[in-house]
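One chain, chain A, links the two complexes that follow: it is found with chain B in the first and with chain C in the second.
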Partner chain A sequence: MNRDRALLLGYLVAVVAASLVHDAWLLATGLVLVLASAGGRAGPLAWRVLRATGPYLAAVAAGWLGLAMLAGPGGSEGAAGPALARLALRVLLLAALAFRVLPAVSLARALSFSRTLRYVLVLAMSQLLAFRRLFGDFRLALTARTPRRVGPRTAVRHGAATAAWFLRRAEHDAGTLTQALEARGFFLDRD
Partner chain B sequence: MHIPDGFIAPQVYGPAYGVAGVLWAAGLRRLRRTLEPSVMPRLAVVTAAAYVLMLVAIPLPGGTTAHITGVGMLAALFGAWQAFLSLSLVFLIQALALGDGGVTSLPVNALCVGLGGGLAARAGLLLRPRAVGVFAAGWLGAAVPALLVALVLGWQPHLARDGAGQPLYFPFGWQLTVPAIVLPHLLVGIADGAVALAAWRALGRGTP
Partner chain C sequence: MIATERLTHDFDGCPSLAAIDLRLEAGQKVVLLGSNGCGKSTLLKLLAGVLQPVSGRVLYEGRCVHEGLRERAFRRRFRREVGLLFQQADAMLFNATVLEEIAFGPRQHGLADADERARAWAARVGLSNVLDRAPWTLSAGQRQLVGLASLLVLDPRLLLLDEPTAALDPRSSGWLVDFLQDLPQTLVVATHNLSLASELGRRCLVLGEDHTLIHDGDALAVGRDREVLLRANLVHRHRHRHRHEDGDADAGDPGKGPHEHSHFHTHDWE
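So, the complex of A and B:
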């Protein structure tokens, strides 16, 4: 087993384990250990985790507060604090694990046991990153060419034009990639 | 609308992996049955397009914006199976490479958004005239996954509780998840439908 596959497997086992642990102290310890393992990068890692999970956790906390206020002092929501702390710690731990471990994993090498899966993922990733950059350019172009705030009508027209462009581009790229792979004999010995 | 890691109980994500695994294998077999070499490159590139469609933002009243799901458009143009597989790949890439979404919620997201949304969009496409069908496909592709996600999330407190009776995973039941998730997506669905219709017109009304 190569290093990347071992790391990915270790990450998956840790995720399942974290989803089975219900002790808030254990989850907090796990979170501290993951952050500490980042060394000098612990601060930026914690900030990234908070940014990624903050909206979800804030929505859950707001919902809980709303229910507690509706239920009044006698409601059972008042006792839900530890449960919400446990949920928040689990979500933070899982996000920290993902941001700590996954950047060190080469997906192409970790998934090398299946040539098809590796090839589809690598192709999809390469296209996705290129498409994302182009999408950003399109959005900047819309902002630059619109003197006022973009309204719903303009946004729908721009969204539709962008979607149509990317769908046409996807069709074209699929054809080009197929020809390139065919020319290199890829489909002769596909698993 | 997709669910992050930590909200779903193992009693749900375990079986969901089983069901999704069978459907992934069936979907791939179905796509490969065409024996066209372009099947896999097409899957990869449509996956990238599916990811980009999710980035399209429409301003909503009140100064906020909503991201369309693009599920209806994908299902209308490429079929429900392709939409399911492409969105599954998007969720896999988001979970493992982009640090978004999650591994435990992946099969639930794929089944609710990819399969549920894809099938609902194909059903909407049966409506006539064709323009109404395309709009309905876009709307249903946002509304139906929202309902399915709300039902799955609202199920969590009924499934797993600690000794004190407090939920171990997502804490709110259906009475909160259904209105909180579905109502905004009825509005997002209108944007989804409008973009699907306009994109269909821009593509020259060739497909679907």
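So, the complex of A and C:
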């Protein structure tokens, strides 16, 4: 087994483990271990994890607080505190694992044992790169059309329009990709 | 070789092709002209059997393609003999390296010399120096050529090319026009670039904006047929300025010096 495959396998095992563990202390220990494994890069890694998960965790916490306030002192939402803490720790741990391990893995080498998986990887990568380029264009277009930093309403409207466009584009691309695979004989032996 | 009978298609009720009848003989070089959205890509996809018609049928060597594709033997033969270059060539590329990409077809068809064939075709289209690179890291023009080599490596009998010059610079477009004319295959090349039409094929099919076939004949003659070009939305008129150096408009010399008027144009446009 090559190094990349071993790393990928280790990552997948860790993700499954992090999903099965329900003890907040164990999740916190896992998070500390992952951060510690980064050595001198622990600080930037922690900051990246917080930036990536912060909005999601804040939205979930705000929703929980809102429900607790609506339910009043006798409501059951007050008991959801530990569950919320577990959820936050699990999300932080999964994000830290992804940022710590995946950049070091060459997916092409890790999946080299399967031709089919490599096809899937290349298709996903080419779509991802094309979409990333287009997403950059969308942001630049907004910048070019706005003389100052956009407000939240415009940002949300632009985000929604961008998401809708990408959804339509993904659907169209999926259809074209299937036609191209068919035309090139990818499904020659299906019955 | 291949023919259509009342071939009709629509996308969610919006017509994209209306009752097309045509017949292509082996060895013909045919250019398919039409403005954006008239159904050129749809027609090529129907001929390649990757889209189902709403009504009508495509016949390959007398056999209905969409029925035949349900049988493995016909499918293998048809997929080897008919190649479709997509307008967006990226859709065709899914292998890790250019060499693997070009060799994919021969491997699918169980040809023993897949790598040798792939190297030879890569050399013919000028891709020898990028064989180990991932296709998605290449320029749009190079990716187009990878797609083309991936088809030619199977030595198909019929090549369907959708806007093959769209991603190419002028020098590469010129090279491709010559290259295609030297190929022995039957060719159908879709384009909306009127100036290339007579270079790409001697026979010209023109699709109108109503998605019908409005012309089937000599490619050179089409360029002079104002009525057909207008119906197909292949010419436009706009105001523009001319300068005649041998006169002086300020002196009231009509038709001399800078002046403005409008007339029909057949500009290249992308």
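One rule holds in what follows: the second predicted complex is superposed on the first by the 125 of 191 C-alpha atoms of A that agree within 3 Å, B and C clash if a C-alpha of one lies under 4 Å from a C-alpha of the other, contacts with A are read in each partner's own complex, and residues count from 1 in each chain.
Convention: a contact is a pair of C-beta atoms (placed from the backbone, for glycine too) under 8 Å apart; a residue touches a chain by one contact, two chains touch by 3 or more.
All of these numbers come straight from a predicted model, not from anything done at the bench.
Undergrad: On chain A, which partner touches more residues: chain B or chain C?
TA: If we count touched residues of chain A for both partners, the winner is B.
Undergrad: Where does A:Thr116 make contact in the superposed view: on chain B (first), on chain C (second), on both, or on neither?
TA: The answer is first: A:Thr116 touches chain B but not chain C.
Undergrad: Give one of first, second, both or neither to describe whether A:Asp173 is in contact with chain B, with chain C, with both, or with none.
TA: Both: A:Asp173 reaches chain B and chain C.
Undergrad: Which partner does A:Arg184 contact after superposing on A: first (chain B), second (chain C), both, neither?
TA: A:Arg184: touches chain C, not chain B.
Undergrad: A:Ala108 in the overlay: touching chain B, chain C, both, or neither? Say first, second, both or neither.
TA: second
Undergrad: Applying the touch criterion given at the start, work out whether A:Ala163 contacts chain B, chain C, both or neither, answering first, second, both or neither.
TA: A:Ala163: touches chain B, not chain C.
Undergrad: So in the superposed three-chain picture, is A:Leu67 touching just chain B, just chain C, both, or none of them (first/second/both/neither)?
TA: Only chain B; A:Leu67 stays clear of chain C.
Undergrad: Same chain A residues contacting chain B and chain C, which ones?
TA: Correct list for chain A: 119, 121, 123, 125, 130, 173, 177, 181-182.
Undergrad: Chain C touches which residues of chain A in the complex?
TA: 108, 118-119, 121-123, 125-126, 129-130, 173, 176-177, 179-186, 188-189, 191
Undergrad: If you look only at chain C, which of its residues touch chain A in the complex?
TA: For this pair, the touching residues of chain C are 45, 48-51, 72, 75-76, 79-80, 83-84, 86, 88, 90-96, 104-105, 108-109, 134-136, 150.
Undergrad: Along chain A, where are the residues that touch chain B in the complex?
TA: Contacts found on chain A: 8, 12, 15-16, 18-20, 22, 48, 52-53, 56, 60, 63-64, 67, 76, 79-80, 82-84, 86-87, 90-91, 93-95, 98-99, 102, 105, 107, 116, 119-121, 123-125, 127-128, 130-132, 134-135, 149-152, 155-157, 159-164, 166-171, 173-175, 177-178, 181-182, 187.
Undergrad: Taking the complex as given, what residues does chain B use to touch chain A?
TA: Interface residues on the chain B side: 4-10, 13, 37-38, 40-49, 51-53, 55-60, 68, 70, 73, 77, 89, 92-93, 95-97, 99-100, 102-104, 162, 164-172, 176, 180, 191, 194-199, 201-203.
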